[in-house]
Every structure is written in C-alpha cells, then in structure tokens.
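Look at the two complexes coming up: subunit A is in both, with subunit B in one and subunit C in the other.
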Partner chain A sequence: MDYLDFIDAVQSLADGVLFGTTYALLGIGFTLIFGVMHKINLSYAAASIGAAYASLLVLAVMKAPPALVFLVAAAAGGVIGGVVYLIGFRFIPLANPLATLMSTVGLLLLIDEIIVHTTQGVPLNYPALFSDVIIRAGPFTLRGDLMFVFLIGCTCMAVLLTLLYRTRLGIATRAVSQQPTAAQLCGISVDNVNVLTFVITGVVGGIAGAMIGAAIGMLSPLLSLPLTVKGLVVTVIGGLGSIPGAIIAGLLVGGLENVFQFFRGVSERDLYIMLLLFVFLVFRPGGIFAAAPGRD
Partner chain B sequence: MLKRIAVLAALGTVALAFSTPVSAQERTVKITGFGAKSGVVRIFGVNSEAALKAAAEVINSSGGVTLGDGSKAKFAIEFLDDRCNAEEGISVARRIASTDAFVAVGPTCSNVAESLFGVLQKKAGDASDTGLQFPIIADVAAKGGLAKISEWAFRNVPSEFDMYKSLFAWLKTQHPDLKTIYGGVEKDFAHSNATFGVMKAQAEANGLQVLGQGEWLLADTTFSTQVREMRRANADIVAISAHPFTTCGVLKEMERQGVRPKLLIGLTSSSSIETMQGCAKQAEGIIIPTSFAPVTPEATKAAENVAKHGGSADLHSAAAYEIMFILKDVIEKQKIMAKPDTVAADRVKMREGLAALKETMGLLGKVGRADREAIKPFLYVHAKGGSWVVLHKPAS
Partner chain C sequence: MDFYLGLVQIIGVHTLLGLSAYCVLLTGQVSLAQAGFFAIGAYVAGMLTVLAGWPIVPALLVAAIVAGAMACAVGFPALRVKGLMLVVATVAFGEAVRLFFFNFNYQLERGGFHLGPHGGEGFRQIRYFPEHGWSTLEVMLFIWLVVVLVMAALWWMDHSRAGATFRAVGEDELAAQSSGINITAVKVSAMTIGGVIAGVGGGLFAHYTTHIEHVQFGVVLATFAVAYPILGGLSNVFGTLIAVIFIQGFLIEGLRFMGDWRNLLFGGLIVLAMNVRPRGLIDAGTVAAIRRFVLRCLGKGKERAGA
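This part shows the complex of A and B:
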C-alpha cells in the first residue's frame, strides 16, 4: 500500500462513517420499536424513504428551502409511522410473532409499490444543504452535505436519548418496554405508548430518509430494500433494543462498507458486512454493548 | 287494430335503425404486450404500453388492419406486468399463449427475455421439441444476441455492439488527442454489465488505453471510493455503463471530487428523461448513442402520440411503436385470420412472416433485419442545456 492508497483508504473510511449516520438513524428506529414492542418493523426503511418522497410534495406547490423539505419529511415520517402501527400492529395478534413480521413485510412492499406507482420508478432530485461546501484538511476532504447529515444525525440521537431518559414519555416508554403489565397497572396506556413510539421513530425515519436523499442528491424506490437490510444489520450488531449500540453500529457499518469497497471491490463488499453480522450473532449476540455471554 | 299495427311498425323501424348487419360488425385483434409495470423499472412498461396504444390508435384511425379473409379489424392493446422477474415473465407469456393471441410484444428486462426465450421451441417445426410455439417480439430487452435462443423469438431493439463500435470509431476521428479511458459499470445489472464489455472492447479496438474500471451496484448510495479511483486514473474519457439512478449518483460525486474528463460516454438507456430530471447539470456533454430522437417528422409525431397516452418516447418505447406497424404488415402479408379456430396456424404464419422480414420502416428510417434481430439506424445525442440534442448522425 503506497501513500496515495493509504490516503484513499482513510478518506473512504471517513466518507463511510459520515454516511453511516443515516444507517444509525435507521438502526435507532428498528431498535426502538423492538425495544418497546419486541417486534421487528420491516417496513421502517421503506416508510422512511416514503416520508422523504412525501416531503417533495412541498416543492411541487412552492419553492421551499431544503430545511423546510426536511421538516416536512420528519412530519410525514411521523404520520406514516402512526399509519404503519394502525395497519401493521394495532389489529394484528401481537402474541404471534410471525403475524406482525409478515404484516410489516406486506407494508414494506406496499409502501414500495405506492412510491413506484406514484413516481413511475423514476429517480427524483432531492435538495441538499451545503452540497457545494468541501472542507479540505491536507490531502483529505470532507463533504459539507455529509457533515451536515452527520450533525443532524447526532442531534437527532441526542434529542431521542433526552426524550427517552429525561421525560415522562421516555419513562413510560421504558416502562412498557421492560414490564408492559406492570406499566399498565401503573396507569400507563400501552396502546398510547406504542403508537407514540411509532410516531417518534417515524419522525426519526423521516429525517433519516431526508438525510439519505440529501446525501445522494436523489431518491429512488431502489433504496428501500438495501436500506432495510442495512438497518437490520445495524440493529443486530448494535444489539436489539440498544440505542447507543445502533449509533455505533451504524457508523461502523458505514465506515467498513467503504473500506471493504476500497480493498476488496463491490463484489465482495457486502460479503464481509454479512460475515461481520454472523461474527456478532455467534460471538456477541447481544450486540456491541452487551455483557460478554457467560457459561450456561 | 290500426293503432297496434302503427305501433309495431314504429318499433320495427326503430329496431332496424339501431341494428347493424353482421357482415359490417367491426372485428378486433388484441395485441398483448408485457413487461415491467411495477418495481423500479416500471417506467419502461408504462412507456411501452403507451407506445403500443399510440401506434394502434394511428393504425386504427387510418382504417385498421386487413385480415386474411378481407375483413378489416381494429387493434386493441392489453399490457401485462411481469415485474422484471423471469418466472413471472414466463408465466405471463404462457398465459397469453393460452388465449387466442397469435403474437406477444415484450418483455422489458433482458433477464426475463433470456429465460423466456429458453422455454420457446428452439427450432421451429422440430416435433421432438415440446417448447412453447408462440412468436414473441421484444421491444426493450437489449442484451446482445437474445433472439438466437429460439426461432420463435424476435427483437426490434438496436444493436448496442454496432452503436458503440460506430461511436468509438467516430470519436477516434473527432478526438484523436484522447488516448485513455476509464470505465464505470453497474455490476449487478445484466444490460449494463454486458454493454460495458462492448464499450471496453470497442475502446481498445480504437486505440484507447483502458486505465481501469470502477464498479458499483444498481442500488448503491455512495460512490466516493469508486470516483476517487477514477480521479487517480485521470483518464481523458470516462464511460459509464449504468442506468439513470447510479449514473446520476456517480456524476454528482464526480462533480464533488472535481473529476472532469475531456469526454463522457453513457449507456443507451440513460439517454432518457430520467437522467435529465436527476442530474441535467452534471450530465452536460455526456454522449450516448441511441436509436431514437425526434429528428424525423414520423419520430416527432410518434413522440407526440406516445406522450398523449401518458408515456415518453425513447429508444425502447419507440421500438414498441414500430412493432405495431411491423405486426400490421405481417398480418396483411401472411393473411392472418385472427379467429379462434386458426390460432395455431396464425402463430406459424406470424413466425414465418417475422422471420422472412428483410427490412422494415422505422421512425428514423429503414431498419434491416437479420437472424430475427433488427439492424436499426442510430445517432449520437449529447446532454445540452437540460435536454438531449443530436450530436451526429452516422448514417448521413
């Protein structure tokens, strides 16, 4: 490896870590829903992309600044999150783990097809902030728009952690997550907490969708499935239900993806990410921050 | 009594006035198209359907098609969705073949065509081959050489080999100063991957030194690593064999990293409105060979007609448009009856008629035919000011 290779490898890692913020946001959504309901919502990434698409409606009616588009994406994400809960969870027997899993698979495909039928599958431009800003540090460059995505992602995570650990809603959410029956006996409405969890994770998803659109500069229905897989990988590596784990895992997967791309090429890149997933499943099934498994 | 007779007479007159003689009843020939109408390639199916309907409307308004018994018929178009999935494509084609249809138009995706043509009878008339005996003419599936798979398979798609061969030869004469080329390819898409092989071979054949290639997947979201390699190669030409979503992603990343090759070459499928919608600014100057542009009165009219039916005319949908006129000619020449009891015979006649074609009339001029494939005229377009502008017509 010569000097230029080294520079490129570090640059790839940095770009990947910055983009990994979006994976972290998706991972948080997956993990939060799992934490509260012990269910996997497979439609989460598709709903996030759907929210980003919905935000483009603002541009259709007015010349809106990108910040407003992002806010609309967050709001649309919240609405879609609520709808996903109503369709995919509210009336489905929660005791049957397969039922909700399949209902969210159905929702994933449904949201995807709605996007495809609305846009004919044509990629659409998505606004970005600071896309023309390049920060140079010696031989390295950092994209302004990715830095912005990173900052927004970090802010979201901070707000979410504050919400969970510093508010009554957060206490209720954690109570339902840990002891739903006891929480109900204490007067907490499990249904309300569940729907609020979906709305909040939907808002985070909407922001993730908008940030993904801003980072790529475009939206395409092609994004839903790969992002679903990435979100799940991040959730497992981070540890199901662990928000700090999802954050670190998102950045890790984003960075490693680019590093594997650099060293091994596109045909092997995803192979190594999946191998990493299996390594975690075997040696650290509880995720990054889980206690080391003891002997049975 | 008189009153009753008068009423009966009046009723009889009304009945006669509204009845139509059987002989004058209008016949309908249903042509079924199929392709991707869901999923990310839905736009191809939407455009093909619009083109088939637009062409059918033109034919119908000028009297329709003359059948083997001398009667006139109007075309009716039906379009089925195969989701760009090989299994569904085969299932859809079998469903069409189980009806009175004597030909089908499609599919969109090369992977579907490859599998589907494989279930057709390989050699027509071979009694030992129980493959499906049903003529299919493809409008979009562009991977080279697919019609070779079966004698029941036909295509009206341009030859990308010929297009890029001509383009690189032309570039050699126009830009003799350009010596090196770097490629970019969407590795997991049959069409992009196959066409990149053609581009690379033609570049080398014309004396260009290939400095390397960047690879990505159809749904990739970041291209920084690949573009950095591209920047290091510092080639005179960058050739991108990818569909609009990743083509735009790569072009935007090239702009961010300041990669400015002297010449950009793109994939045929990217000479579409999608690229202009996605990254007109970054695509400025990219040269793409295409078999369709609204440069003749027929092509301009066709583009308008397709737009009226909710589609967009491009090199793929224009092929579907032309196919309707090819089918009309073959039906008339082969005296196809289009009746339920002549289905098997009509299919054979259609196959033989299509196989016998040596030349058809396309929207850009005469289209030669050999080995059930089209030899279409083409031109080079380049992105200029947010639209596709004709750069050069090799035939002229």
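This part shows the complex of A and C:
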C-alpha cells in the first residue's frame, strides 16, 4: 500500500469516527431503555428518523435557521418517545417480553408508514450547518458539517452523563434500573421514571436523527431499518446498559465501517460489521467494558 | 382463481416460516435468524434444481439439511447469550447471510442463458414448476402437503416428551436445569429443527416465485417470522397458522381496498393486538374455553343419545 492509499484510509477512518457519534447516540438510547425496563424498543431508530422528519415541518411553515430545526427535532423526539411508551409499553404486562417486542415492531412499521404516507416516499433534503467550512490539516481534510455533528454528539453525551450521575432524576433512573422493587419502596414512581426515560431517550434520538439528516444531507424512510440494526450492534458491542461502552462502540463501528467501505466497497461493508459483532458475542459477550468473567 | 391459489401458496410458505420460529420460541428464545435459514434454503434448492438439474423433492431435502446444519452451527455460539443479546446476534447472522447472497455470484451457462445467483440482481429463472408442467393448483397442493406434514410432526412433537422438555426450558431455565435437562442441547436442537423447517419453506418459496433476491430476506421477513407465532400464541401450532391467515390473508390482501391506508393500519393493528391480547390471539385460556365448549356439546349429545 503506498502513501496515498494510506492517507485515504486514515481520512475515511476519521470521517467514519465523526459520523460514528450518531451511532453512539442511538446506542445510548437503546442501552438506557434496556437498562431501565429490561426491554428492547425496536421502534427507537424509526422514531428518531420520524422526529427528524417532524422537524422539517418547521421549514415548511417558515424560513427557519438550521439550529432551530435541530431543536424542533429534539422536542419532537421527546414527544414521540412519550407516545411510544404509552401505546407500546404502558398497558402490556411487564412479565411478557415477547409482547412488547412485537408491539415495538408494530410501532416501527407504523412510524415508517406514516413517513411514507405523508412524503409519498420521496427522500427530503435536510439542512446542514457549516457545510461550507473545510478544515485542512496537512494532507487531511475535515468536513465542517461532520465536525458540527461530532460536536453536537459530544455535547449531547456530556449533558446526558451529567443528567444521569449528577441529578435526582438520574439517581432515580439508576435506582430503577438496578432494583425496581427497592426503588419503589424508597418512594420512586417506577412509571414516572419509565416515561421520563422514554422522553429523554426520545430527545437524544431526535438529535441523532437530525444529525444523520445533516450529515447525509437528506432523509429517507429507508434509513430506519439499517439504523435499527446498527444501533443494536453498537448496544451489544458496548455492553448492555453501559453508556461509556455505547459511546466507544459507536465511534468504533462508525470508523471501521468507513474503513471496510474503503477497502472492500459499499456492498460488503456491513458484512464485516456483522462478523465483528459475532466475534464480540463469542469472545466478549459482555461488551467492551464487561467485568472479567469470573466466579461470583 | 389463480390469484386465490397464489394467496394460499403464500400462506403455506409463510406458515412454514412461522413454524420454524415457533419451534425456537418454545424454548423461550427469540431468533431473528429464521429469514437467514429461509434464504439459505431458497438459494440451495434453487441452485440444485436449476444448475444441477435435480428433481424438487431431493433438492428440498438437501436445502433442509444445509439450513439445519447452519442453524446447528450458529446455535452453539449464539445460544450462549440470551434475551436482547440473542436477538441482536441472530439479526446479525440474518443480515450477514443476506449480505453474503448480495455479493454471491455463481453463474453457469445452461441452454444459451447464464443462470444462477447474480449478486444484487438476484437469482432469476427458477422455473422447475413451469418446465415440468405443474399447474398452480398442483403447486399449491404440493406446498400444503409439506405444510400439513410439518404441522403434524410438530403437533406430535408437542405432545411427546420432547415438546414437554422444550416448554420446560422456555418456562424456566433454572428449574429445567435442576431437573436434569441439558439446556444447551435442547436449545440447539430446537434451533436445528427450526432451521430445517425454514430451509424447506425457503426452497418452496424460491420455486413458486421463480425469482429470489437478497432484499426479500431482510430484517422485515425475520420479524414476520417471529410475529406469526407470537401473535398467534404459543399454545399450539394452529395459532401460527391462524396468525399467518390473519396477517397475509386479512391484513395484507383483505385490506387492499383501503389503498395506501392499509400499510398504516397494519402496524397499528399489530400494536393493538399486543395491547389487547399480550399472550397471543389464541392463548392457553382460549384453548381451554374451546375445549370446554366442545366437551359440553359432546356431553349434551351423549345425554340425548342416552335418553
């Protein structure tokens, strides 16, 4: 491999890591919901894309700056998260994991179809910020819009970590995820914590959806299934319930994905990501930050 | 008429797909890999009849064996994890199979045409049925013969010791383990049986559609596969059949007059069904009620006969 190829490989790795923040955010969402409810919400990525679509409604009404569109996406994500909890989880008995799995699949299809129905399935353009800024660092270039996406993602994670580890709400959330019965005995309302978790993860998802739209430049309902798979992969590689794990795994998957694409082409790219996941499942089923397996 | 026969064919093939997931679900595992085994069966059976010129029945058998062997091989590493991890592992396997066929190119020249799987374009001209002069009705009957055989075998298994073992593992792994059941063996054999059934279903699918491509075997098909048994309930094999008829016959074909709105209703109705009947459309309670009803009717008949 000569010098130029090496430069290109490193460049695609860097671009991938920057885009990987979106995967990290989706992974955090899956992980948080799993942590609190021990349930999978398969409709999460579709809801994120749905929130990004909803934010485009603002542009239809008035000529809003892209920053406002991002904020609206976050708000819409929160609302959708609450609705998802209400119709997909609230009235289904907790002891039956299959039923909620199925109801979230139903919601995934429903959200996808609502998007297709309102947009006639045509991909829509999404506004990006700083897309004209290009930073040159030696032989490498850093795209402004990807940098912006990366910064938003990092801010989002920082806020989320503070929320979880420095506020009363965060303590309640972690208490419910560790031991729901004991948390209830301490006067924490499990229902409220569940709703709030869904709203918070929804906000994170909305931001992730907007970031994906901004990074790719458009939105399409075809994005939701691949993103669901990627989000789940990130969740598992990072370790279930581990937020730092989800962040690292998101960046890792984003970077490796681009490197595989550079060397093997776009059609084989995801194949290697799946193999990577399988390697993790076999050799390190607890994820990156799992405690060393031992006798307990 | 052919339309309805075609619908009955679709229902038959999807019933096989649902039954393959049913088998795995009995042991309490959610496997989204069934679409992958289905794809393996479809491609293997298609290649055997088109490229090697085999008759359909041995091709289906080999497809079943290959898919079953694959399921067994995947079962060992995948079943070390459970719950969400298993869902993701099996999704990953299914996607890996799909992407493999997306990149799979193996064409041979047959009668002036290049036949065989051709990457993203898929695998065309699987024309075993038309070439051998099978009518739609005959194909339909053949598919349903297979479905009936599989359902009978599963019914018998459900009522034997093996079925009790499967359900014991599904209800409570710890209790099953303490009563001396080898959990890994049970799970892997359930996975293998599921793989065999999915392989047969895939082989039939390839031959009645005559054209298969990778997009057909994605995550959506995998979720459909588990949706049938979950929606229908795990109390017996007929739940799956009824769920397939409900989804394919009513939700997909029956609501066609609603145009665009049908797809919206589809997801919504699944959510509603899960809210109203979380243990499936036909759960243990329904079965018990039907049994009581039948027994009461029989009882009355006997009384009358006695009087």
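As a working rule, the second predicted complex is superposed on the first by the 294 of 296 C-alpha atoms of A that agree within 3 Å, B and C clash if a C-alpha of one lies under 4 Å from a C-alpha of the other, contacts with A are read in each partner's own complex, and residues count from 1 in each chain.
To be clear about the criterion, a contact is a pair of C-beta atoms (placed from the backbone, for glycine too) under 8 Å apart; a residue touches a chain by one contact, two chains touch by 3 or more.
Note that the coordinates shown come from a computational prediction; the quantities given were computed from them, not determined experimentally.
By the touch criterion defined above, A:117 lies against subunit B and subunit C together after alignment on the C-alpha atoms of chain A.
Looking at the shared chain after the overlay, A:267 reaches both subunit B and subunit C. With both structures placed on the common chain, the touch criterion links A:138 to neither subunit B nor subunit C. In the superposed model, A:102 lies in contact with subunit C only, and not with subunit B. The partner of subunit A that touches more of its residues, comparing subunit B with subunit C, is C.
With both structures placed on the common chain, the touch criterion links A:220 to subunit B but leaves subunit C unconnected. Shared-chain residue A:40: touches subunit C; no touch with subunit B. Once the two complexes are laid over each other on the shared chain, residue contacts for A:125 go to subunit B alone; subunit C is not touched.
Of the two partner chains, subunit C is the only one touched by A:275; subunit B is not. Taken together, the two structures place residues 113, 116-117, 225, 267 of subunit A in contact with subunit B in one case and with subunit C in the other.
Note for the complex: subunit B touches subunit A at residues 38-43, 46, 187, 215-222, 224-226, 228-229, 232, 244-245, 248-249, 252, 256-257, 273-274, 277-279.
On the side of subunit A, the complex with subunit B involves touching residues 4, 8, 11-12, 15-16, 19, 113, 116-117, 120-125, 131, 134, 141, 143, 212, 215-218, 220-223, 225-226, 257-258, 261-262, 265-267.
Listed in rising order, the residues of subunit A touching subunit C in the complex are 34, 38, 40, 42, 87-88, 91-93, 96-103, 105-114, 116-117, 225, 228-229, 232-233, 235-236, 240, 267-268, 270-271, 274-275, 277-278, 281-282, 285. The residues of subunit C lying in touch with subunit A in their complex are 25, 30, 77-78, 80-81, 83-85, 87-89, 91-93, 95-96, 99-100, 102-103, 119-120, 218-220, 223, 226-227, 230-231, 260-261, 263-264, 266-271, 274-275, 278-279.
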